[in-house]
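Can you read through this structure? Questions will come right after.
The letters A, B, C, D, E and F name the chains in turn, as written, and every chain counts its residues from 1.
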Amino acid sequence: MAERILVINPNSTEACTQGIDEAMVPLRMAGGPQIECMTLKEGPPGVQSQADVERVVQPLARTVAARDNDCDAFVIACFSDPGLHVCREATRRPVLGIAESGILTALTLGQRFGVIAILKTSIPRHLRYVGQMGVQARFAGDRAVGLGVVELADEARTLSRMIDTGTALRDQDGADVLVMGCAGMARYRDRLQQAVGVPVVEPTQAAVAMAIGQARLKWAA
Amino acid sequence: MAERILVINPNSTEACTQGIDEAMVPLRMAGGPQIECMTLKEGPPGVQSQADVERVVQPLARTVAARDNDCDAFVIACFSDPGLHVCREATRRPVLGIAESGILTALTLGQRFGVIAILKTSIPRHLRYVGQMGVQARFAGDRAVGLGVVELADEARTLSRMIDTGTALRDQDGADVLVMGCAGMARYRDRLQQAVGVPVVEPTQAAVAMAIGQARLKWAA
Amino acid sequence: MAERILVINPNSTEACTQGIDEAMVPLRMAGGPQIECMTLKEGPPGVQSQADVERVVQPLARTVAARDNDCDAFVIACFSDPGLHVCREATRRPVLGIAESGILTALTLGQRFGVIAILKTSIPRHLRYVGQMGVQARFAGDRAVGLGVVELADEARTLSRMIDTGTALRDQDGADVLVMGCAGMARYRDRLQQAVGVPVVEPTQAAVAMAIGQARLKWAA
Amino acid sequence: MAERILVINPNSTEACTQGIDEAMVPLRMAGGPQIECMTLKEGPPGVQSQADVERVVQPLARTVAARDNDCDAFVIACFSDPGLHVCREATRRPVLGIAESGILTALTLGQRFGVIAILKTSIPRHLRYVGQMGVQARFAGDRAVGLGVVELADEARTLSRMIDTGTALRDQDGADVLVMGCAGMARYRDRLQQAVGVPVVEPTQAAVAMAIGQARLKWAA
Amino acid sequence: MAERILVINPNSTEACTQGIDEAMVPLRMAGGPQIECMTLKEGPPGVQSQADVERVVQPLARTVAARDNDCDAFVIACFSDPGLHVCREATRRPVLGIAESGILTALTLGQRFGVIAILKTSIPRHLRYVGQMGVQARFAGDRAVGLGVVELADEARTLSRMIDTGTALRDQDGADVLVMGCAGMARYRDRLQQAVGVPVVEPTQAAVAMAIGQARLKWAA
Amino acid sequence: MAERILVINPNSTEACTQGIDEAMVPLRMAGGPQIECMTLKEGPPGVQSQADVERVVQPLARTVAARDNDCDAFVIACFSDPGLHVCREATRRPVLGIAESGILTALTLGQRFGVIAILKTSIPRHLRYVGQMGVQARFAGDRAVGLGVVELADEARTLSRMIDTGTALRDQDGADVLVMGCAGMARYRDRLQQAVGVPVVEPTQAAVAMAIGQARLKWAA
């Protein structure tokens, strides 16, 4: 029977989960793992503050524990990787965080990665995480598009700001690969990469790709 | 039509390529990429010295260029990642090195990785590479099994030395995840992990897993 | 009116809070801040696993928010610094974590610090934190006394193991200053320092000392 | 009897010592350590060049040795931390340098610290020191206000340049906490913090705060 | 009999070798080592791409092996240090690369070095090398003059662009010493240094200077 | 007229200066710089403590200033590099420290350098310096021979302890190149290298070799 990968969107916004689900299409292969995307009902509409991050940790750990029997790998689809280590403690199966996987994948595509954050207030959190990951030597910079929820609904404007942000990371910070610092916005990836001219990593796809390998290889089981 | 991943064993030893090919079984999925393992005929019987590393660089780059039309991703199956950057220059498709992918994958499975080298003389080369990758903060140590070609044919002895080496990395260097510093020895992975009690990364499997994701996502094309 | 510093013991063991409270004696000065030590009732008996760490984060943040009106600084008295950043988000007043303050204070007393952990399983968490703090260049090592709760009740045995652990950090890892990786065990500090012969930092004292300064200087208000 | 902390201004300018003394007010507590501020008569009018730094080292060490009997902690109030390690050798009591303490305190208030230097020529010296401290991962940048002695007498102009410098550190270098790279200018701290909108560390206050803790805890004695 | 240092220009452009040879004048001393500059006939007209780098590795190693009998030290005069480690494996005599020696020499002349690259595409290669060397803490930046072969023939324009690039490294990246990221352009060094006002390292001279010492001291023999 | 390099032994022991002078023989070339070795009369018999280091700083700076007219480069022949930066400020001519030059030269001869200190108490000072130099990624370890002045007079015993120390650095710390952490003991270098089997850098020779290059190239003048 096929393996199953559970991708958990820790915010409660179904549209975001749907965006993630659509991004999974190229990773669904006959004979490959099932990829199930779920919304964390207990989550806030969006994970923005540190309080939002902490709020979803316990529900994430409970979800992983509850689904340990019928899943072969888990992906936490929020760029703050909330609860990554407690979820890893809660199961012997692989648990991937999209920030970790997105950044590690970027290291195969360029020498210095830049992060496109949504909010400026997330940047210190990202910096702490880059330090914790021990990859600061490859880090070019982190810049925010700086749009609020309402403005993010305007797709043209969002893309335009992402392109501006990516261009600043490339030209002012020396990034030669970009990581999208958010989940659920895979639809912008192609256009962003084309406009900025450096590889762009969509982190949920990167994490699920790594999860497929780990689920198939059963290193943890 | 399915994607194709070309895994190139840069040494000329068919038995090694065969070992790699057998390790691909769990990564072959009905609707997933074809995984073709080939032997680099121009290669030496084994890649041991820096001269061996350099000797295979040009043939690898030629092979990648020659197969650029019918492949979607390439994996260089030697733990020195010979020619990784020139191969990346030779194609727009993703090229993965097994040292790079093995180490990056290890970063998702433990906090400090140890490398089990075959030969002691490879260690300074590995250290240079860890520095180049910028992941020294996560590096616990690199120790060699120190067996010659003839001794490596003795499977029980090889496993025993690998276990000793992994145990030293765990207990003396503080490694909580191990990377096998060689290709074609996947058959030891399970027993090694069981004996040492920390996750063990087989790097060719790790690299092909990442290649599957990149081939499907077509970020580079 | 005098300032007030709230020291929160995130585990529910009153004896531990009492140990912390006794360690505050030298830091209580006429005219100086009040130092109030409280037990987090929602906490587990001890904070050992990552799950324990995460479990206390939300109660800690709530406590800080609830006491924001009558306190001038907060200290989280657990060596995992649970919820440090969310508590900082919850108040404009200074919040100190004992791991952070203990390590920073150690940097003024020696060139390379060693951490005496209670449990071996905490070490990867400590390593992630040292990385996040960006002070790995000064880090000598982290070793665990490896005693369970029952054994820790045996004071002579605990001291003896702490001395063994500190000696190994000094001799094998090159530490010239030690940080006690726990709260509530200040009573061992003097004897430990005398036995090992290098300065020993008791982290709750270190954190409260920094909190006194920040409370008096009112930089945050 | 109360402890005594000796704060030594290594330059011979009494007005500077007086500025330091005034900044001590919030750190003087009825039952806390006496804080005595003294001028190093042998010092130059200001410590600007490396020659100035070296010139005060021996007098500082002699002063520490001479006052070892009646002091419980020492603070060297010059941002080059002249003679810090020789003074530590000259006494068993704690010796704090204001650059070291200021930077360590900043690490509790933000993720990346910026230094406001007075003179551009001090910046390489600061960079060497940040490297020696091993905290480069948390360092955002170092920029000079670039005013001479006469211009520094113009308070409005000095504040204005400090604000410009701090703003550049925040916006161009990504600092989210600032350290004033000088002693005796505490009177600007509040206005600077208010104008730039990130925490500002006055390093002599930071060092004396740490000295109070170490004097009370008597770890060294 | 005098020692002999062989300086190998890995590109096939005689004019470049001649520029190198002229730069050797101050390093030729009556009783000192002979300095022979040779052109690698198998090399491309210029080493620009990673393919160019790899192409010269084997011929370089063969040349070193062939001349092992009559030379006392070798210098590889290309800023990518092609084949440095395989050449070191091919002889017991010292082999110096101009990037390595140039950067190490710069560390004695300033606190943060900037690299003036010829081509922008070389920058990721340089960054990998700085990481491999482990000197990233001293690295200010790498910027390209961005002139093609034809434009480089215009000496005034080349100098002007070098000055612009060096000035940007000084003012925007904080470099206080510059390394010329190329061989054979020593004639610009004096004017560049005068214009930018910080020391400029000509890397082939730096490498030959180190080679003279190692050849005389015979540490390797 | 030939250049002149002044090598200053900061301790007052003539026998040490004589040892340095003898080590200069291979670096004295007809047509090359004069190499003058002098004893700093104001120095202590040996530079051991931090107080000793600081004591010689001012006399060194005065000596450099006094000899600025008739010298082309200066070498400070003490492994603590006392006064290096103030001497650089005192002249426009190159000033080399033997610790800095010895370590940088070691980086061309191996991947990880170990330092053989004389006294254990020097190790924290060396660690600070390695951090200040920004080369910690290449640092294997620092171990002391631990002999007093009287014992050092016993040449056989000294060599034997140096070999033990170097062997521990090689086998326990992974050093593949050693730096002698002292001046004036060049006579042990050959035997030490032969016994331990890795390259050994004598730092005064390394510094003078770099000084020859910088004196000839006149980059600073």
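In this section, a residue touches a chain if its C-beta (ideal position, glycine included) is under 8 Å from a C-beta of that chain, and two chains touch if they have at least 3 such contacts.
Predicted, not measured: the structure shown is a model, and the values here were computed from it.
A.B. asks: Using the touch definition from the top, how many steps at minimum link subunit B to subunit F?
C.D. replies: Graph distance in the chain contact network comes out at 1.
A.B. asks: Any chains in contact with both subunit D and subunit E?
C.D. replies: A, F
A.B. asks: Could you figure out which pair among C-D, A-C or D-E mirrors the B-F interface, over half of its contact pairs being identical by residue number?
C.D. replies: So the equivalent interface, with over half the same contact pairs, is D-E.
A.B. asks: For the chain pairs A-D and A-C, which is connected through the larger number of C-beta pairs in contact?
C.D. replies: Answer by contact count: A-C.
A.B. asks: Greatest Cα-centroid separation from subunit D: which chain?
C.D. replies: B
A.B. asks: Please compute the C-alpha centroid of subunit A, do the same for subunit B, then give the distance between them in whole Å.
C.D. replies: Computed from C-alpha means, the inter-chain centre distance equals 26 Å.
A.B. asks: Rounded to a whole Å, what is the gap between the Cα centroids of subunit B and subunit E?
C.D. replies: Centres of subunit B and subunit E (C-alpha means) sit 33 Å apart.
A.B. asks: On subunit A, where are the residues touching two or more other chains?
C.D. replies: 128, 131, 133-134, 136-137
A.B. asks: Just say which it is for the chain contacts: an open line, a closed ring, a star, complete, or other.
C.D. replies: other
A.B. asks: Applying that definition of touch, give me each pair of chains that meets it.
C.D. replies: A-B, A-C, A-D, A-E, B-C, B-E, B-F, C-D, C-F, D-E, D-F, E-F
A.B. asks: Can you list the subunit C residues touching subunit A in their complex?
C.D. replies: My answer: residues 49-51, 53-55, 57-58, 61, 83, 85-86, 88-90, 125, 128-129, 131-134, 136.
A.B. asks: Could you list, by residue number, the parts of subunit F that touch subunit C in their complex?
C.D. replies: 123-124, 127-128, 131, 136, 141
A.B. asks: Please name which positions on subunit F make contact with subunit B in the complex.
C.D. replies: 110-112, 137, 174, 176
A.B. asks: Residues of subunit A touching subunit B in their complex?
C.D. replies: Listed in rising order, the residues of subunit A that touch subunit B are 26-27, 29-32, 94, 96, 100-101, 104-105, 107-109, 133-138, 189, 193, 199-202, 205-206, 208-210, 212-214, 216-220.
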